[in-house]
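Note that the chains take the letters A, B and C in the order they are written out, and that residue 1 is the start of every chain.
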Amino acid sequence: MNGSGKTPKRDYLDEVRKLWYKFSLNKMSVVGLGIVALVLIVSVFQPLVAPYPTHIGAVVDFKNANRGPCADYWLGTDTVGRDIMSRIFYAYRGAFTMGLGVLAATVPLGSVLGMMAGYWKGRWFSTFIMRMTDIFLALPPMILALCVCSILRPTLFNSLLAMCVAWWPWYTRLAFGMTTSLRNEMYVKSAELLGASKPHILFREILPNCTGSILTKATLDMGWVILTGATLSFVGLGEQPPLPALGTMVSDGAKYLPAQWWLSIFPALAIMIIVLGFNLMGDGVKDMLSGEE
Amino acid sequence: MRTPTDRPPVVDIRDLHVEFKTYAGKVRVLNGVNFTVYAGEKVAIVGETGCGKTTTVKSILRILAKNSRVPRGEILFRGRNVLGMKGDELKKLRGAGASMIFQDPTMSLNPVFTIGEQMFEAIRNSGREGCGKRDTQQELAVLALKQTSMPDPERILISYPFQLSGGMRQRVCIAMSLATPREMVIADEPTTNLDVTIQDQVLKILKDRVESKHSSLILITHSLGVARETTDRVYVMYAGNMIETAPTEEIFRRQAHPYTQALMRCIPRLTGGGVAEGIPGRIPNYLKPPAGCRFAPRCPQAEKRCHEEKPEFADLGNEHFVACFSYEQEEKKG
Amino acid sequence: MLKKILTKIGVYLLVLLGLSILVFIIARVIPGDPARQALGPRVSEETVQNLRREMNLDKPLVTQYLYWLKGAVYLDLGNSLQTRRPVITDIRQYLPATLEIVLLSALFMIIGGILLGIVSTKYTGKWLDGVIRVLSYLGIVSPSFLWAVLFMLLFGYLFPVLPTTGRISQSMAAPSRIITGMYTIDYLLQGNIAGYLDAIRHIILPAVALMLGGMAQAARLTRGNMVENYLKDYIQAEQAYGVTENRLLFKYLLKPSLIPTITVMAMDIAAIFGNAFLVENIFNYPGLSRYGLSAMLNKDINAISGVVMILGLVFIVLNILSDLIVAWLDPRVRLMGGSEE
């Protein structure tokens, strides 16, 4: 893209533009990004954008209890008169905290373990790491998280911790698979021959070639972590009342079906929307980072 | 347009346009192709990669990708309109009329079915008498494999494609295409992906089989040498157009179109010495193809008219036709 | 080939052993005293100590584990603190109920997913394909508990055509003899058609709620693989040999496209087991998952360990099954022990 003759200087702006072009080829990924951005904004700025920002706590307003969707309360109110929309906005905070927290912990840990196990495949600790992953992968992540979560005190942080226990092995397996094939590539071999240090080979030669797949998986996983988190809070493990959590709102509201349908249906839609957002976005990230032009 | 021949045409393509709908837009790949093959004739289509050779032959069998469209033109197979065929008629065309051998033998056999299952299916679909019976299928398949000099045909039939070498797979494809009599065999660069050492052998088997069954052959190749050895007539294709055709001997004696001349210069010659030349420029963008002759942007002799109008075939005699304005005066009238 | 199978089984046994250690550790780091929790605050300290001794809670952790493992080998998983019965008895009672739902769900998922994938491929780019793709997205992003809640609303209140709670109607007697423990099959074996229909009507809703996500995933994967393979030369070659479109789709295109989805579907079935934890609860269905969930919420350690070990076993069985099916479908795996591509 640079004029010929100039020293090839990396034009970051141009690279970003190219990435954006590939991402935006599929209109649905842009929609996904839009959903995620919007949800992020309303959750971060909940005190500013929510019509009743204080309704997240132990507020009681029996005069306005059990109101269906109306001009004052767009998504209705719950059994003690709190605005559902304001509560959903706040509950999204927990969802994002969960997603980002779990991925921030498991992606680096899992990938590094997987890369090491892949690069030194055959050594005892590689076998050890991979057998450990097999064991953790033998249970559906939901059950493992439920198991860990149930023995700890139910808080948002403990759910997050439980999800981390369930989530790291997926990245270990992914990075392991990629590294075992990459370590025989010419450029890795030549770096070895030139006497490059192991950290250099792992982080400068192998890692950059794994980031595409890892990032794609991480984007999609944001959705799945939030979904699993909602499932945990559905059985009461997670953010505790009076603070709202998406799953808790659905399970509490379900008791009042069908008359007060808005109590459970809107939080349910809220879960679907954010998971859909990350899924659509994940497809775009895949298009963006896969090598094809 | 053609000098009449005593033999009837098997395939007659007139003014065929094919376009593909993609994210980037409409890709106009074929731009008015005229192409005829007579009974028992062996014809080569030569041209650069991406010029539409494969699209042309796939459209005869109607196996183009689902995003394709034929806005204009017609394809006649034995006088019947292929583009209008439905159900049984189309099945008959594919099962008994024409068959196709693909470029890459490692990709053209289904990896999870045995050779036998695939050959029996082909024989069954020919719809000929007795071909619904398993015994007949077995018999015909074994015979066809023997005729392509395959050792131990019975064992081949129960093998899976991955158990055979590339050359063997391509011979299986040849055997399959001629296990039952056919009016036409289409071979799309059948030797390109084979080892050099067995290319000749496979080509020779193909030629023998086609001749012994009195089929017509369309051979796609980018090697003029292969065309010369195997075929009676050559079509030269460029960017979605047939630009020149002549009997094989004739075209090696005299190349009329500037592109054909350039193509001929690209062949490295052992005797003449010197290195092959390239053709300057590149194949045009099919999204926005040139309005007139598609070769005009690369043509050293191009005039104003070449950029605006599309040239039609001019008759140079000796069954030699060329689509280039330089030869309009030369054309024999009548 | 035999050596390979044996190695694989060895690895699976190792996984099971590791899982038991993992679960044991998780179950024993529970804050608080499980014995005290089981007996409640009113019981004397002496009684609690007795129970602790009985459960070997007073021994070192390693000894506890060895006791537990020894028991587990003889299918003695200890007593449940909630039901006061041996865990294995509980599992025998509840597992068939869950299996019944999961098997039906898996059947729906596999057939539905593959069929939708084929239809979507056949009409690539047409409106039907678009509808299926949008619906798949919807299926993938909605957790099964949402479907369960939605079904409760739809069938529990609005259109009460299907029952939404329990295994059988109250007026219906349980199968006179328990053979497999799966009511549908037991009724059928005893020729009780009315019972069979009643039982199957009760498991339809939970089964469907459980499989929608997996079905959407399977449909999407199948479509993706089929559309990709549609462009392969061998499909065009088969088309060129006059293979009719439906025969092509259901035979020559489906088989190679299905192979990579088998493993994913096996994992989806494992996930169905996981999601059953919530769905059984919502439908008030007395299965293993509801039992497991209440064990977890009540810190019933022996029951937790038992249920988790069963799930681990299910996972391993599913893995072996999917390996076998892949080997059966894919000659490259069967004859060479690896895929060519």
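In the analysis below, a residue touches a chain if its C-beta (ideal position, glycine included) is under 8 Å from a C-beta of that chain, and two chains touch if they have at least 3 such contacts.
This is a predicted model, so every value here is computed, not measured.
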Remove chain C in your head; which chains still hang together? A | B
Chain of greatest Cα-centre distance to chain C: B
Roughly how many whole angstrom separate the Cα centroids of chain A and chain B? 52
With chain centres defined as C-alpha means, what is the inter-centre distance between chain A and chain C in Å? 24
Interfacial residue positions of chain B with respect to chain C in the complex: 58, 61, 63, 65-67, 90-96, 98-100, 102-104, 107-114, 118, 121-122, 125-126, 160, 162-163, 173, 176
Under the definition above, what is the set of chain C residues touching chain A in their complex? 11, 14-16, 18-19, 22-23, 26-27, 29-31, 137-138, 140-143, 145-146, 149-150, 152-153, 156-158, 270-271, 273-275, 277-278, 281-282, 293, 296-297, 299, 304, 308, 311-312, 315-316
Could you please specify the touching residues of chain C with respect to chain B in the complex? 124-125, 230-244, 252, 255-256, 259, 329-332, 335-336, 340-341
In the complex with chain C, residue positions of chain A that touch it: 131-132, 134-136, 138-143, 146-148, 150-153, 223, 227, 230-231, 234-236, 247, 250-251, 254, 257-258, 261, 264, 268, 271-272, 275-276, 279-280
